[in-house]
Amino acid sequence: MNGNGTVFIKGNHAIVEAALDAGCRFYAGYPITPQNEIPEYMSKRMPEEKGVFIQAESELISINMVFGAATTGARAMTTSSSPGMSLMQEGISYMAGAELPGVLVNVMRGGPGLGNISPSQSDYYQAVKPGHGDFHMITLAPSNLQEMYDYTFDAFDLADKYRNPVMILTDGLLGQMMESMDMKHDRKPLYPDAKKEWALTGAVGRKGQRIVSLLMDPGVLEAHNIKLGKKWKTMIENERKYELFNVNEETQYLIVAFGSMARISKGAMKLMKDLKIGLFRPITVWPYPYEELKKAAAGVKKVFVFEMNQGQMLDDVKIGLEGSKPVEFFGRAGGGVPMPEELCDFINKNK
Amino acid sequence: MNGNGTVFIKGNHAIVEAALDAGCRFYAGYPITPQNEIPEYMSKRMPEEKGVFIQAESELISINMVFGAATTGARAMTTSSSPGMSLMQEGISYMAGAELPGVLVNVMRGGPGLGNISPSQSDYYQAVKPGHGDFHMITLAPSNLQEMYDYTFDAFDLADKYRNPVMILTDGLLGQMMESMDMKHDRKPLYPDAKKEWALTGAVGRKGQRIVSLLMDPGVLEAHNIKLGKKWKTMIENERKYELFNVNEETQYLIVAFGSMARISKGAMKLMKDLKIGLFRPITVWPYPYEELKKAAAGVKKVFVFEMNQGQMLDDVKIGLEGSKPVEFFGRAGGGVPMPEELCDFINKNK
Amino acid sequence: MRKGKIKIDENRCKGCKLCIPECKVDEIRMSTKSNKYGYNIVEFRAANRCNACTLCAIVCPEAAIEVFELLEDDK
Amino acid sequence: MRKGKIKIDENRCKGCKLCIPECKVDEIRMSTKSNKYGYNIVEFRAANRCNACTLCAIVCPEAAIEVFELLEDDK
Amino acid sequence: MNENIIIAGSGGQGVLTLGLFLAQAGLKEGKKVTWLPSYGAEKRGGFSFCSVVISDEEIFSPLVAYPDTLLLFDQRAAEAYKNSVTEKTFVIENTSLIKNDVVLTGRKTLIPATDIATSMDFVKAANIVMAGAYFGATGKFLQTTGEQVMGEMLKGRNSHAFEKNLKAFSEGMKFIKNPALVAGVAFIKNLRLLKKKK
Amino acid sequence: MNENIIIAGSGGQGVLTLGLFLAQAGLKEGKKVTWLPSYGAEKRGGFSFCSVVISDEEIFSPLVAYPDTLLLFDQRAAEAYKNSVTEKTFVIENTSLIKNDVVLTGRKTLIPATDIATSMDFVKAANIVMAGAYFGATGKFLQTTGEQVMGEMLKGRNSHAFEKNLKAFSEGMKFIKNPALVAGVAFIKNLRLLKKKK
Amino acid sequence: MKEKVLYKRPVALSEKPFSYCPGCTHSTIHKLIAEIVDELGIREKTIGVAPVGCAVFAYDFWNFDVTEAAHGRAPVVATAIKRIMPEKVVFSYQGDGDLASIGMAEIIHTANRGENLTVIFINNTNYGMTGGQMAPTTLAKQVTTTSPLGRDVKTSGYPIRMSELLLPLQGVKYIERVKATDAISIIRTKKAIKKAFMNQITHVGFSFIEVLSNCPTNWKKDPVESNKWVDETMAEFFQIGKIKDIQ
Amino acid sequence: MKEKVLYKRPVALSEKPFSYCPGCTHSTIHKLIAEIVDELGIREKTIGVAPVGCAVFAYDFWNFDVTEAAHGRAPVVATAIKRIMPEKVVFSYQGDGDLASIGMAEIIHTANRGENLTVIFINNTNYGMTGGQMAPTTLAKQVTTTSPLGRDVKTSGYPIRMSELLLPLQGVKYIERVKATDAISIIRTKKAIKKAFMNQITHVGFSFIEVLSNCPTNWKKDPVESNKWVDETMAEFFQIGKIKDIQ
């Protein structure tokens, strides 16, 4: 719209464009606020790209269709919001067990239960520690629309790289808002032509092969788990991502926040220029950049953790800091979104 | 059988007897190994106690029936194993959101995906950080059959006390094994006659009332979340439970393990009497007894964390220890159950 | 013929107009008023034709209409 | 009449006995043998009555039976 | 420039589109912009509101608590937002649907937007009339910017639609720029306010 | 006393019931006992095994890796468990279904349990024959204990069933206690073993 | 002149005005249920189970006990309640997205078990609450926000006729499809719903009432036109009438 | 004498012996599918979706590509595969617990969408793998591990006839109920399954074959008796035959 690749776009639409640019050709999704614009826009855009759009009849159907699509080697995605993501936990575990790539987007809303449809970050727990069994899932938390677009694209590459589901953890604020961002239609997906030898495309000139997660022979599942564990170690080594903002030798207070809350924290920092406040923003909330956090906090007096929940990432901050710094937590719950001023107040009171 | 209230019983059967003794009069469950003895035995025992037994047609149906049963004020339970528990995440969140009591039993097996049917502890993550939204669930991890029985009973009391779902986190080893234990048929449930004023029993002489989890008016869900948060703080204060075994001033190494792994650890300790090893066993894995762990570890050289997974409780040990002690982890994955000798080897190599 | 009248709860009426065609004697029409929610509402003409048939009340989704039969006092 | 014979893969047979009643010429019976999995298996009598009807093979869940038609060499 | 706008009304009044319109105007004049609707699709005649931030610098919080400009479409909206008004807030009220003046602080301009739109036989354009009022009263964007944006937003629709909208826009501007008219409305409405202020 | 038992065979052979039988015997004689079946219900002719631990002290690990006594029902079981045998292990093999002797360490007793049961026209009682062999060969529990437990486990069934089982039990004991018979079987079977040991 | 009240607001409705859009069938059916509860004198023993969908707020409007099930699960929540308190009158109230899409397994199994319940099914051919997406009941070629070119039966299938689908299940005793587009059809609908409640009270068993409903907002039609569309287009595919009735 | 092979093990079966119990219908149907794949020459373009249930191991026995869906979800996994590769032959293979209980929503929606797939439904009136619990297909009064006194239709409902249930869905083109208790019925079954595959290849659409099956182990009957029970008792309630056939 604004030429030169820059568009003024809704977060949920940015996700769709990124997926299509990354070569996603299968989408199954079920309506739920605040992500309805994704299936709606997809229902128009996917057929234009000659891909498959299915309005699934439930979130269980969505995730299991993504499972099926992934077995063929196709890039596939589903999206939902909090209660819908809970319903996908079994399917996510199956994908990880069967080593299938796929991208899941959680546009979080207030919970628990039906909750409300306001933005929230209260699925952090479920995102970073999903489903049953020993598995892990890279989880990226964008904090502006450029990142909604970029990280969704990245997610497809990462999913293929590791043969593992990857989640975009975002919320109704970023999903619903509009902002300018650069579209990169000519970005090339990693491994776009990589032959997925493991995919089920018909046993042409070979024996039948299988994609399964049941491994009953004694020891086989354990070996598989250990393999998944090693994969996870590689992810930890290679994929930790974070942003440091205003962190330097003089920083006296460190805010730790992700996603929407990180950008609101920046707003607070702008209002408090006289205090030396830095921000540590995990971009991959899983693998969590523990060491980097500890390093960033090394010189500060105090660490502030801000979340749109009652303290879920707080656990990871504690693990990262290993008791090295005092921590203060401020959260808004149940869909409450703070104004920068509230964060300033909290810092002033607790610094 | 062996007179004097002592019976030689299967773990899964002990759970049924405890539930009935605690006044559970509604059970809905779906077959899944290794907990099939629960619905099977229930199908016989529940009608004898004039309660409702329903073989649900899925785990979604189980948990939502328990939701319905709980709205009437009845004590209700469902049971499953790992993949089935994943399917219940939405329902659990709804129960917590609507403040409904109920008991859930997870007889864990190997994962991810379909995995296998061997004992495992790889749902620790999902148990202690379940579902979407800000809520918490007391989770008890028995380690012998007496505890299977006692804690299942406790779970009903706790659920009513806090109007919150409570989970028994156990595994195929404890579910399938037989051992002697004391039956306490005359133990009285707490609040057996307490009138659950909030229950839906017909609006006799009053206005209609409601049990819901949707709270759309601005601020109302947040207030509700804060209320749940306060409830959670009370649970942390009152319900942390743990066992110290051989922990004293002379203890040089501390094992941290829960459930089956804790008893196997005791077996290892027996084989290594010359080393001064103590065991810290969280009984409530949620709320986790962080401070007690730190205290127990205060004098030791090293902490060993043993789990039948690849290191899930390890996170909580790290939070508890706050970096105060070196930690070594040993886990068996994918349904592998260690022998005490393996643990001894690991300790000897890493002490 | 039976005589009747209706009472429309102004703050319940949402101006959906479903009652208008139900009234075979044309006793209901759009008013120029808006209620406190901003809905442009209907009004009872009171043209003395109402026969208390209740059809308008039956069709009103908001249960905004009450219907009264007017009885001769001496009856 | 057509002549035939069958070959039973001993380690596939599970002794389910479903083939026995299918053979209208009574060419299959339980043997006294067990295979390597411990299953008590059936055997072909080879009583020269087999007509290669294939019914036994069709019914065998294990695909343990192969059926051959025996052709006169000069044909 | 750092313009924080809240627009509030009910579903169907074109509140979100008006927000988008102002956002596009900001973009057109080279600003950073965010637009944030009321959360999700409250379909059942509920509240509708949006926050628009237009700024020379990067925008962190897209949510506006204390607006520089507040556009109120109806009574419920006025009730809901009266407390977000500060001394620096400039309020534009649609007096067609706000009969009871509850906003007692801030600077204020009144316009019977719905009536104006109705009089044009185009009741749906009340939001465009409000847009005109915004442009006219604040002068923050060029009138031509507004017209250009309108053209882009109506691309694909027939020229008749465009002209009708343009008319509504200029009616809004005209009204607000006519001190007599505004005063006429504002005078009565603001009596109470003035009294209070004293 | 600290007796770690593994019983292994295939589904349908009564492996789990035999385990329960031994467990009950332990209980009857005042021991602590755990019984652990193969995980879950592998219904499709798969492995079946169980661990039984009988001890004077509290039992921590119910899983047995290196048994004191190993009861093997068939060839597959023998293959699967040959490596869990240590020098101290006492092995009881059902030679009716173990034709190929693969267990090369440990002390061993052989009994054609399935044949004995079949000869009684009660093939399902092979496990009870094995129980008799266990009682007879190890002497760890009183014969009367075994008989009492059997009575309790068959409570509610007719007395004919009880007597048939009792018979199978005593046939097992008898066989194992008859050195000639045992030797006869064992001699041939153990030739290879003896050779290896040298 | 004396006045005799011929119609007044039922007592089983709360004071709160419906939050539904003007002319929405949800309001009409809510009202009918309240009237029936009044007429049967069962306000003190009725328990409603609200769905996820526009009617998620039903609890605000009925003045008897109401709970709210997770999306699609209302029938099983109702089942548990009824099994525990068989003397209560328990019903679930569900939209077509809720009942015919995500809740398909729940409604079928509940119907099949023949639970002694009443199910009110509001079929408005779309997901009203979330903004008018395609539902399993959306008509062929109908345009929705996720079928921008109209429902393509080749990829999305034909609309599901829930009433006919439940017909073969032996546990189901009564099925009727009704509409609520004018006073006459509303009177019929009320009769059907009342019968469904009576079936429960007299232990006949599972009853299912499908109400062809409008959704003026998402259909982008005013209420009068919407009801016309129900009468003319919707009722052509979803035939009005009694589908099963076993006493 | 020369020998001509009249029957031999199909190539589309792997070497691995079936792990199913002796006489189990699963083995028979696995074999038939392999025969059909051989005969149609589609080994290189067939993709099977195995269920959770005894046949969870199907991938070990078929020598073509196979994946394994979560419990009950096979039809939607198959749908995604088929939509992405419409030229492949895709089928799901499911037990009655899998398909008729937990997977009810998935099978109905897949059938309704009229996916061009083949579904093989192994109805053995119980949950074989987990030890013989009651299924939605369990006959009235049938004893199982969770219906120790026999299925009580008053609380558990009547058995669900899946084939009849799918009948009204317009997307469904072919439904046949078959059995595999003797050579004759196996030949008929093979014909039905082959037709179902052919329907897919010729783009006719969704086909559904219900196979009345045994479960000797959990029924505690030997294979011969089991098959007799299928013939005499099961087939009385679940009538054998073609239920729908639209070309």
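Structural remarks
Labels A, B, C, D, E, F, G and H are assigned to the chains in the order they are written; within every chain, residues are numbered from 1.
Just so we're on the same page, a contact is a pair of C-beta atoms (placed from the backbone, for glycine too) under 8 Å apart; a residue touches a chain by one contact, two chains touch by 3 or more.
Everything quoted here is computed from the prediction, not taken from an experiment.
Identification of common neighbours of subunit B and subunit G yields A, H. A repeat of the B-G interface exists among B-H, A-H or A-G; more than half of the contact pairs are identical by residue number at A-H.
Here the two chains linked by the largest count of contacting C-beta pairs are A-B.
Inter-chain centre distance (subunit C to subunit D, centres taken as mean C-alpha positions): 87 Å. The distance from the centre of subunit A to the centre of subunit D, each centre being the mean of the chain's C-alpha atoms, comes to 60 Å. Note on chain placement: the centre of subunit G and the centre of subunit H lie 35 Å apart, centres being C-alpha means. Subunit D and subunit H, compared by their mean Cα positions, are separated by 26 Å. Residues of subunit H in contact with two or more other chains: 20-22, 24, 52, 56, 68, 70, 101-102, 104-105, 109, 129-131, 136, 155-156. Counting partner chains per residue, subunit E shows two or more touched chains at residues 41, 45.
For subunit D, the set of residues touching two or more other chains reads 14, 37.
Residue ranges of subunit G in contact with subunit H, taken from their complex: 101-105, 108-109, 112-114, 136, 153-158, 160-161, 164-165, 167-171. Residue ranges of subunit D in contact with subunit H, taken from their complex: 4-5, 9, 11-12, 14-18, 21-22, 37, 39, 52, 54-59, 61-63, 65-73. If you check the complex, the residues on subunit A that touch subunit B are 60, 82-83, 85-87, 89-90, 93-98, 108, 110-118, 120, 122-123, 125-126, 129-135, 212-216, 218-226, 228-229, 309-310, 312, 315, 318-319, 321-324, 332-336. Here subunit H touches subunit A in the complex through residues 14, 43-47, 49-50, 52, 56-57, 59, 62-70, 73, 76-81, 83-85, 88, 105-106, 109, going by the rule given at the top. Against subunit A, the residues of subunit G that register as touching in their complex are 52, 56, 68, 70-72, 97, 101-102, 104, 127, 129-131, 133-134, 136, 145-148, 155-156.
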